[in-house]
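Below, each structure is written out as structure tokens.
The same chain A turns up in both complexes below, where it pairs with chain B and then with chain C.
And then the complex of A and B:
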């Protein structure tokens, strides 16, 4: 039977490009009616909720070779490249990645639930802006490798998030990979004093988006002073950001009680959550400040249990 | 007895329906399809409160592939439903009173087409002021949902001189408690398949907790004799009270009859949240006084329940709360007033615990606060005030005597978890000083059965079928609680049958007797009673028939696994199939026994008063993270006195499952509304506990002992586990943090502290 509503009732066309260049070209040709789909876990919730239109064309990214793979860029550089369609389950269980950048695993283990992590990708989570991965990647000075008309373009994650925050929205292309710098890689030597921590608070203990998340990546010198530090935070609908004032406050100083008290106050002021009908702003500021300051307190002290819950193998 | 796999020994049996459920092979009723079926959808009001000025379905009806678009004028019979009081419109005629209200329904060839057809229906509304606060709803100046006013139901219970009691009190605690709009969150949302037969009959394959009640109500709506309606209602993917009332059935039935084709409806989770029942949110104000020795001298309670727009079982829930805000204690004087108010909020209705969860949260909170003022151990304060075994019930009514009250008190007092309270290791560690631990407890006395003045029939049937199977037929439902397993276990243990000898028939009004509803913690008790009544007659008939067939005296024979056995040595003499065949050959009457009786009630003239009670004591350990204010439950101990354990797995499942619902009630679950609209529209914001929330241990002590000569056997446990955990958590949080929780779910902001680094 032919329906007058045929167009509306039709299943979407599914395109299966094999290269990033082809995928991007398809998107350009079809336009706004096309949607890139990798894991599709977030998209399907948006379609169901009516937050995004159900696309007439889906561009399946799972066959694009450049988008997969996870490992060192090359032997000399020491940095890593994570293909955009690497699943969160892979991020969670990749031994080499865990040794080099434990923050990625720490963030991945807090996202969604096992069945979702088997499908959801690191690229999709990072580009959602409000998941947990962007916060962790910010604390690692990550860069995004885009495919667009100009070919491939590399830009710092923080630059892209800054543009998003300014309302200059839209991805400047197809995300191919996330690059992690050698400078943020965990030292191989056992007495190294780099510490990292990822803390997430949701309205439930698991399978829940973040109300607040905080990532800490700190290097202490021989005297215990902060040699280098990156603190990022997100949660709710805010776009995650580095806490630059907080970082500046503690850099070069000994994280003693007085400094941690100061740090707490600075984070309370600097962390800028968006309105949320279910969670108060004061609570979220206090949570961010508590978690950030307590994480540095733990990183500088004896270690042990993390401020969130349970064992934190990366600290 | 600590109840677990080890202590249960050979009684720990694999559920007959377990394999199908864990492998996904079992087809639920909402999995059913027919080749020619239509998809039904319901158009619901976008407004919490409005007049309907015009409804026009002509554009929807004109769409090819759309076979029906029904409104109120298409209902041939009563355009209302409701178990207790039929005031819930199938389709609203001229006014909508909440955002789940139905105004039209369509049947179309595909789900997408049905969706488009809904969008093509034109409805003109004139919005009315929204009544979204039950306390304000009953003030004189509130907009009215009904000309008679917004008071749906009131109740009260009073005795003694309350003012004199307060005057004599050494300590008085006044507090207001609030409880959330909890959702049942069954995994299977409401739905069903509705099939018109060539013989003019209609079959509704749709979950419910009482098939005959659905049949009666559908008969009333359709103006069709009950005999022409068949309700097939099990298996069910969870209900917890939420599917007891009709939900999609009227629409499916009307659409099927209007189109002459099978119609399937299955609510999305979104629609289930919007239209489905929730636990009545309650605000409970209490003022309670004790003397210097800790005797409760005066107790005042005022309960306001948020009814939503229609009755459902709201009056019965309020009556239950009226009884349970008094609960398990003795008082010098009591003064209870309760009111349930109509609002334009979501639809409240029955939910596991039935008003007891809210009442006990408040009452136990009072006891804990009073204990702190007295400087007394909170469990000792309870002991001093507990009703004794021979005491009347909360409403002064005679109740069945058990020693349960004292037994669960003793069990908890002696538990390892409760003993840890004085352990210094409970205090927080030096590496994470923000983690604080505490232990709390609560006491529960929970009534079962529907109560005085409400028809509460019970019964069942046993039959030796022609194929030699022993068929047990009951009008009860399997919604995950393990009813089939419990019934099978009773047949095995009471009669000596093997599991393979038995066929359980439930959930089909064409073939089962009316056993009353599968609600109010009553089904296992009533199956046990039924089998006890039928054991003599049915077993006797089997042995008599075997005696004739075998030519041996009946007293030399015994029922056993596989067939009739020699009483003296257990040797198999004749299997049940041979016995059935010999009956058929001799043209004897089939062997069949049926029983019918009613749930026992208290001999008082007070509607809803209960006669059979179960008792529970709950201890819980929590860990509060003061950086985040979040609470984790790390250990639970449940002492339960409810008579014999019929099915160890089922019993444990009820207590663990119930406590998991209580955990959500305490920590995460609330269907938040704003101006009559749900803010939490799906399971991404309405949060049931995950396995992480439930990672702590759960120990259950099942106290089976009953007084000599007890006639009633197993008491209900279906709801009990869902009641006590929340107040126990609140007290444990107080012990950890020094902060009192009076509103659920617990707001982490209340428990959060600015961390100090010195």
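And then the complex of A and C:
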């Protein structure tokens, strides 16, 4: 029997460590011929496209205990820990995670398709940098827990993305988990004034990488003014970034029509997409501005869709 | 000391999986795609090969009851798991979902149909009354290049209706 891609001839060894420390040590010992593999869905597209070499050694992460699990860090802290190999399907359907951090579910439902999400992991998507998860996690002030030679190291996702943007590429270790702070968690009370929204525009309606994506996480004060806000945006080959000028503009102000117009103008100037031969820069700036203004309008309640209302459960 | 679970091709540990209810042991490379294990080693050609990068859904199977693109899943990822192919769904005769695809013309050339049937079967097993948006999401990874989505959606809705009548 002939194998179309010579799979039999170039079949790699598969290593199955049970701890993060062991997995990291394997990678160090085997070297560049080794690749960490969890779901392997994005890697498969890279192997087939010749963007990444087909590895001689695969280090299977699915048996590494520390990389799984999704839940509150502890009762007092209020923050959550999502293991790096938590599948996107689990992110899409986890009721507790949805109640605490609905942005994760909103992003997960726009990534790939259900069957791919049964294999693909949140860690893999976040580390791809240009998927949708990094944008959502940025708006939640997430931190990354790495395993490397120093042991375990915690750093803000934004710091790692800044280094990537500066061209200092490469993950500083094996991603163990993503930590979400209590400050960004949805309040348990039904009259919650923290709202979120995730919007994405792609070249098709579904199962497509983002041309532009925007995540917004806002807390309104008793008068409906913006007390606290995080807005992030990405798309194309751009590494997602917080929109600091846009955040500064709306903080402390009522999200009325005049402010939405100002926000639109600021995002048009601040959003910085990478060159794309198929999609013009002006179009993407306009799209990001439209999405950000729509997200704030919707999250502020003006759009009539708070949590539990309308078609989308969160936004 | 590092111990290899699998060695390279020709010396790999056997793959043990349950396929359509039958325990199966195969001597295949650990990274071999489940798609090729099913088609080439087991002769289950109802699972179709097409894009081979998880985009089209023609190779959809159930792994432990959940839909998975068998072109993406590698043999070692299926170790000790239960796989159901289109052949396995209809071992006791045509299923309600298949009958509805026939009745509503939910196919043209038919190449995407096994994958569609598997995805719809998984959807209705998890949620017998999905909303239109749920149906669209569940089928977002199944492409029909004949563009026959109208018939497919009619078939899904009929299956939902008939299932509801059956269960009272």
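Definition applied: the second predicted complex is superposed on the first by the 295 of 315 C-alpha atoms of A that agree within 3 Å, B and C clash if a C-alpha of one lies under 4 Å from a C-alpha of the other, contacts with A are read in each partner's own complex, and residues count from 1 in each chain.
Here is the rule we go by: contacts are C-beta pairs under 8 Å (C-beta built on N, C-alpha and C of every residue); 3 or more make two chains touch, one makes a residue touch a chain.
Fair warning: this is a prediction, and the values are worked out from it, not measured in the lab.
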| item | value |
| --- | --- |
| Touched partner set for A:293, first chain B, second chain C, both or neither | first |
| Contacts of A:12 with chain B and chain C, given as first, second, both or neither | second |
| Chain B versus chain C as contact partner of A:264, first or second or both or neither | first |
| Partner chain in contact with A:207 - chain B first, chain C second, else both or neither | both |
| Partner chain(s) touched by A:45 [first = chain B, second = chain C, both, neither] | both |
| Chain B/chain C common contact set on chain A | 1, 3-5, 8-9, 45, 48, 113, 206-207 |
| Of chain A, residues touching chain C in the complex | 1, 3-5, 7-9, 11-16, 25-26, 29, 39-41, 44-45, 48, 58, 60, 62, 89, 109, 112-116, 118-119, 206-207, 311 |
| Chain B - residues contacting chain A, complex | 63-65, 109-110, 112-113, 116, 270, 429-432, 434-435, 625, 627-630, 632, 668, 672, 674, 679-682, 684-685, 687, 689-693, 748-749, 752, 754-758 |
| Footprint of chain A on chain C - complex, ascending | 2, 4-9, 12, 29-33, 36, 40, 52-55, 57, 60, 63, 66-69, 71-74, 76-77, 119, 122, 133, 136-138, 140-142 |
| In the complex with chain B, residue positions of chain A that touch it | 1, 3-5, 8-9, 45, 48-49, 113, 201, 203-209, 257, 260-261, 264, 277-278, 280, 282-283, 286-287, 289-291, 293-294, 297-298, 301-309 |
